[in-house]
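The first chain written gets the first letter, and so on, giving A, B and C; residue counts start at 1 in each chain.
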Amino acid sequence: MEMTKGLLAHLDTRLSELRQQKERGTKIVGYTPTAYMPEELVYASGALPIALDRGGDIEPVLASTSYLGRVLDTFCRAQIGYRVMHQEPLYQIPDLVIVPVTDLHVRGLADSWDFFAGVEVFRLGVPHSKVGHAFQHYLAGLNLLKERLEKLTGLEITEKRLREEIALSNSLRGLLREISLMRKSENPPISGKEFIRLSHDSLHADRHVMIKALKSLRDELQVNKTIRPKGARILLTGSTLAWGDDKVVDLLETAGASIVVEEFCEGLRTYWEDVNADDDPMKALADSYLMKRVPCAFFRGSPEERFDFLLRLVKDFNVDGVVWYSLMYRETYGIESHIFHKVLEKTNMPMLIVNSEYSPAETGHLRTRIETFIQTIERG
Amino acid sequence: MDPEFLNLIGIEGEELNKEVPRLEKAFGILKIVPKDIDRAKERVSRIFSMELRGMRKIWGIAVKELVDLILAKEEGKKVAYGSYPPLSELLVAGSLASDDIYCSPAEAVIDMVLSPMFGPDKVVPILETAERHGLAPNLAACSFLKTRLGAIVNGIVPIPDLLLSFCFLCDQTPKTDEVLHDLYGIPVAYVDNIFEDNGYGWPEDISQERVEYFANEIRCCAEKFSQVMEHELTEEKVREAVALNANVFRAAADLREFMKADPVPLSQSDFMMISRAVYSATRRGSLEGIEALAILSEEVKKRINQGVGPVAKGAPRVLLTNAPMDPSPLVTVIEGLGLAIPATSLASAPIKGTPRAYDSIWEHIAYTLMRRRGAYHSSWGWILQLKELASVWNVDGLIIFVHLPCRQYELFPLKAKEVIEKEIGIPVVIIEGDFVDLRDYNAQQTRTRLETFAELVKRRK
Amino acid sequence: MRVAGIDVGAGTAKTVILEDEEIVSWKVMPVQGNVAQAAEQVTHEALEKAGISLEALDCIVSTGYGRDAIPFAHRAISEIICHAIGVHFLIPSARIIIDIGAQDSKVMRVNQDGKVIDFAMNDKCAAGTGRFLEVMAQVLGVSLEEMGSLSMTSKNLCSISSTCTVFAETEVISLRAEGKHIEDLIAGIHRAIAIRVVTMGSHMKFNHGTVFTGGVAKNVGVKNALEKTSGVEIIVPTEPQITGALGAALAAREACKKHSGSAMEDM
């Protein structure tokens, strides 16, 4: 796409740009993108947030066995691998790392960085339900985070600044939403892989550049009438779709499928809800990020709400099949995929469950399973 | 019913009339045949000190609790299953709530009898059933939870009226209960906690916010229990249960002290069985435990006077974090190598500082749990507590048994090893395995690791 | 004083016969299912070579996977301890020992007296052991013995990343089908083993004084890969496969000296 060339150029120099900013005194804050860390808070403090969302490579996973027990989610364990191997330069620049501690795998991630990474880790506690005291607790955690950020940069996070940042982030979310929803059409103007790429880019790029690029792209796509080859319309869902973990997406598109919508708790930017900051912006953040979000699989009693949401996506995007992609050992998603499979069976919607631990050796049999799945759908 | 077997599990006198028919019915449901009973007699006599009347009473408590569990619905009770590790104070209150309620951590009750008494193979069909219902195969998912799911699906234990999902330690528990909810429509009450502390300041830094959150979760769970079981679990009742729990703990104080003797008078196989039978928040454990402990105290005192124990006097002493429900693959091997095990992680250590006092019973429970067990607070809390235990028990070595599917305990044994070797200066060995699932157990490798470790420890002495 | 050390692993059985401090004979034989039989046979052959009878032995110590199944051994000692003793005898400057056998791999740290201070063993998996190499040799249609020299001709190492032997097999088959050269694949296989083993022992800090033993140590390609991965020079004793049995024999000597006079059967 023509419009994203500018974005690509920007991302090419992003690392050196960030390093320069750091030299000039700007604080860089890394965070695990589990969708529970309001980046608006980081921006409002004058720091720059960087998502630590790399995945898809086997070496950091192997390297991590020196630090963590082996029975742990692949993405979560790989993070310390990336850090100690110095394989991903972005991982070396944060002055502070925020980990929203969601389940025990992410807790393991936080611990491994605490013990071995040599950088300060701030843990943001994420409750596993939406009851009253859970909201209060999450809000209290956000206030602690606010204090820590203010101390880091020396800049007060005023309500005004926070509202401004929320508006900007809403802008970004809204644009992604608009573009994503275009895939409801019979002829989606953008592929799943391209959209996922945009989502990952939005976690690393300068927001202003990103918003400008998304606006241009949206305008272009609205008039773009190129007919793309029709393939099985797929909802891709699961635990984590990391930056660099392209295997399943590539295999699906090569097999002729069209990923029309995706729902992942980690690795991608969530964009379904905006933050309504009319009143107390801190409460608004807590409300949007915890209460309004679709609960992740590690929420207690998540199936009810999550499945409703997934079934709505299936209907709205006219999906032909669901591919559930979990990483190895992430049992909350593994078990939930089993229950969801039974739910879908009743509706005759085909579903494929695949696992990965980022090993290149999986490609062979993953390809066979995905191709068979897509071909079966297309044969109707 | 084989009278030798009944004698072995301490069922005698008046109890016989009441318990034998129930035992036979329950064993029928478990499909236990006479050859199983023979095997049970051989195993239990070999692994545990069954010449002690107290041990026979302990086994009686465990077996009778299992019978109570299996026949609960048949005997007209409302049934609630807590999960394992239990939130003891709450669960004990539930188990003592009324004669018409049966409440216990079902998987523990099943595994602590089936596995050691009839052999780990007895549990395999249950594990396999669970693996067909969404739980990952082999050691990727917890065998306790597989027991929880598989035993219900296989019809060995009744479908409960309520599931108490203690997920303040574990994410797999609530997911397993969601499978059960999906299969049978059973309501679920969750108790959650959040691991938002790095634990460097444990236990002083247990945050008030976290105590409150946890306390609220416990309170909500008690409310749900009251609602579904149609029996009010008031703060008063919970206070009584907490007090009773403390009594049982105090009754075992002598026994714990006795383990400091040289030679250690009891095998850790015995001691772990005692802890499991009496402290798993079961009704039998709470009500009959104190008597059994009293009998044991006397018998162990005699052993100390006679200078008797499973390992010779002067033997090196090691701390073992935990062991499978059938302790023989691990504990028997360790003691056979001439290493005495005076304590496990279940033992308490004097934790520095004065505990905070709370008016609210819920906050008291929440705080006490995070203070009593470092692991309930954070990974570093677990390591700090291990360090303290190793120091207080003055051991010559540490064996960290890792239950592989447990994201709680299996992540940082290497870090714990590093810290303890450096700061306490004793050798540490890591043994991987599972509490219940021994299908992939490599006895030979475990033996090699333990033998080498024993050599290191003995040399230090 | 004449003693024997028998190391019965999953793949091979080895016996070393010592007369005082000298090795008078040793023998290596494959184990074909029956460990007791293999132990008996290999000991018999070693004794024949030495010209001694079983009764002439003052003490026999067994080690290795099958050490408890040898009725004529007086004592069984863990192979980690025996390898440490054996290596210390041959190379007193050894401080880290890597042993890769047919079905397990170990890393041990020893002090200046050859006493084990710390150790690590592979988890249940076969990847990182001799079995891994065996499977790969079969897949590629080469003999185990050739693998070392073949890999040394590799110019473009082909990375193998599967952590599981079963998956690695599939990976190698498909890479071969893509036309990758055999020597490059073998180099990749060796590297995979090296990474696995070095990671396992990473908390022990490899340094000078690293010795490599076990059947797999005869493979110069694996040695090479270990050196590259660990960053230190590695010594392989002339007969790396018998260090365990040698250590057992030396342990037998020690035991004999301690109990000199009393019957060995009491052990």
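Following the convention adopted for this analysis, a contact is a pair of C-beta atoms (placed from the backbone, for glycine too) under 8 Å apart; a residue touches a chain by one contact, two chains touch by 3 or more.
The structure presented is a predicted model; accordingly, all values stated were derived computationally and were not measured.
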item	value
Highest C-beta pair count, chain pair	A-B
Farthest-lying chain, centroid of Cα atoms versus that of chain C	A
Approximate Å spacing (C-alpha centroids) for the pair chain A, chain B	39
Centre-to-centre distance between chain C and chain A (centres being mean Cα positions), rounded to whole Å	47
For chain A, residues that touch 2 or more chains besides their own	66, 70
Of all residues in chain B, the ones touching two or more other chains	414
Residue list for chain C, restricted to those that touch at least two other chains	123, 203
Residues of chain A that touch chain B when the two form their complex	66-72, 101, 103-105, 107-108, 110-112, 114-115, 121, 123-129, 131, 133-134, 137, 140-141, 297-298, 300-303, 328-329, 331-332, 334-336, 338-339, 342
Complex contact set, residues of chain B against chain A	133-136, 139-141, 165, 167, 170-172, 174-176, 178-179, 182, 188, 190, 192, 194-198, 209-210, 212-213, 216-217, 220, 378-380, 402, 404-405, 407-408, 410-415
For the chain A and chain C complex, residues of the former touching the latter	58-59, 62-63, 65-66, 70, 357, 359-362, 364-365
Residue numbers on chain B that touch chain C, as the complex places them	414, 417-418, 421, 427, 432, 440, 442, 444-445, 447-449, 451-452, 455-456, 459
Complex contacts: residues of chain C adjacent to chain A	123, 161-164, 167-168, 170-171, 174, 195, 199, 202-203
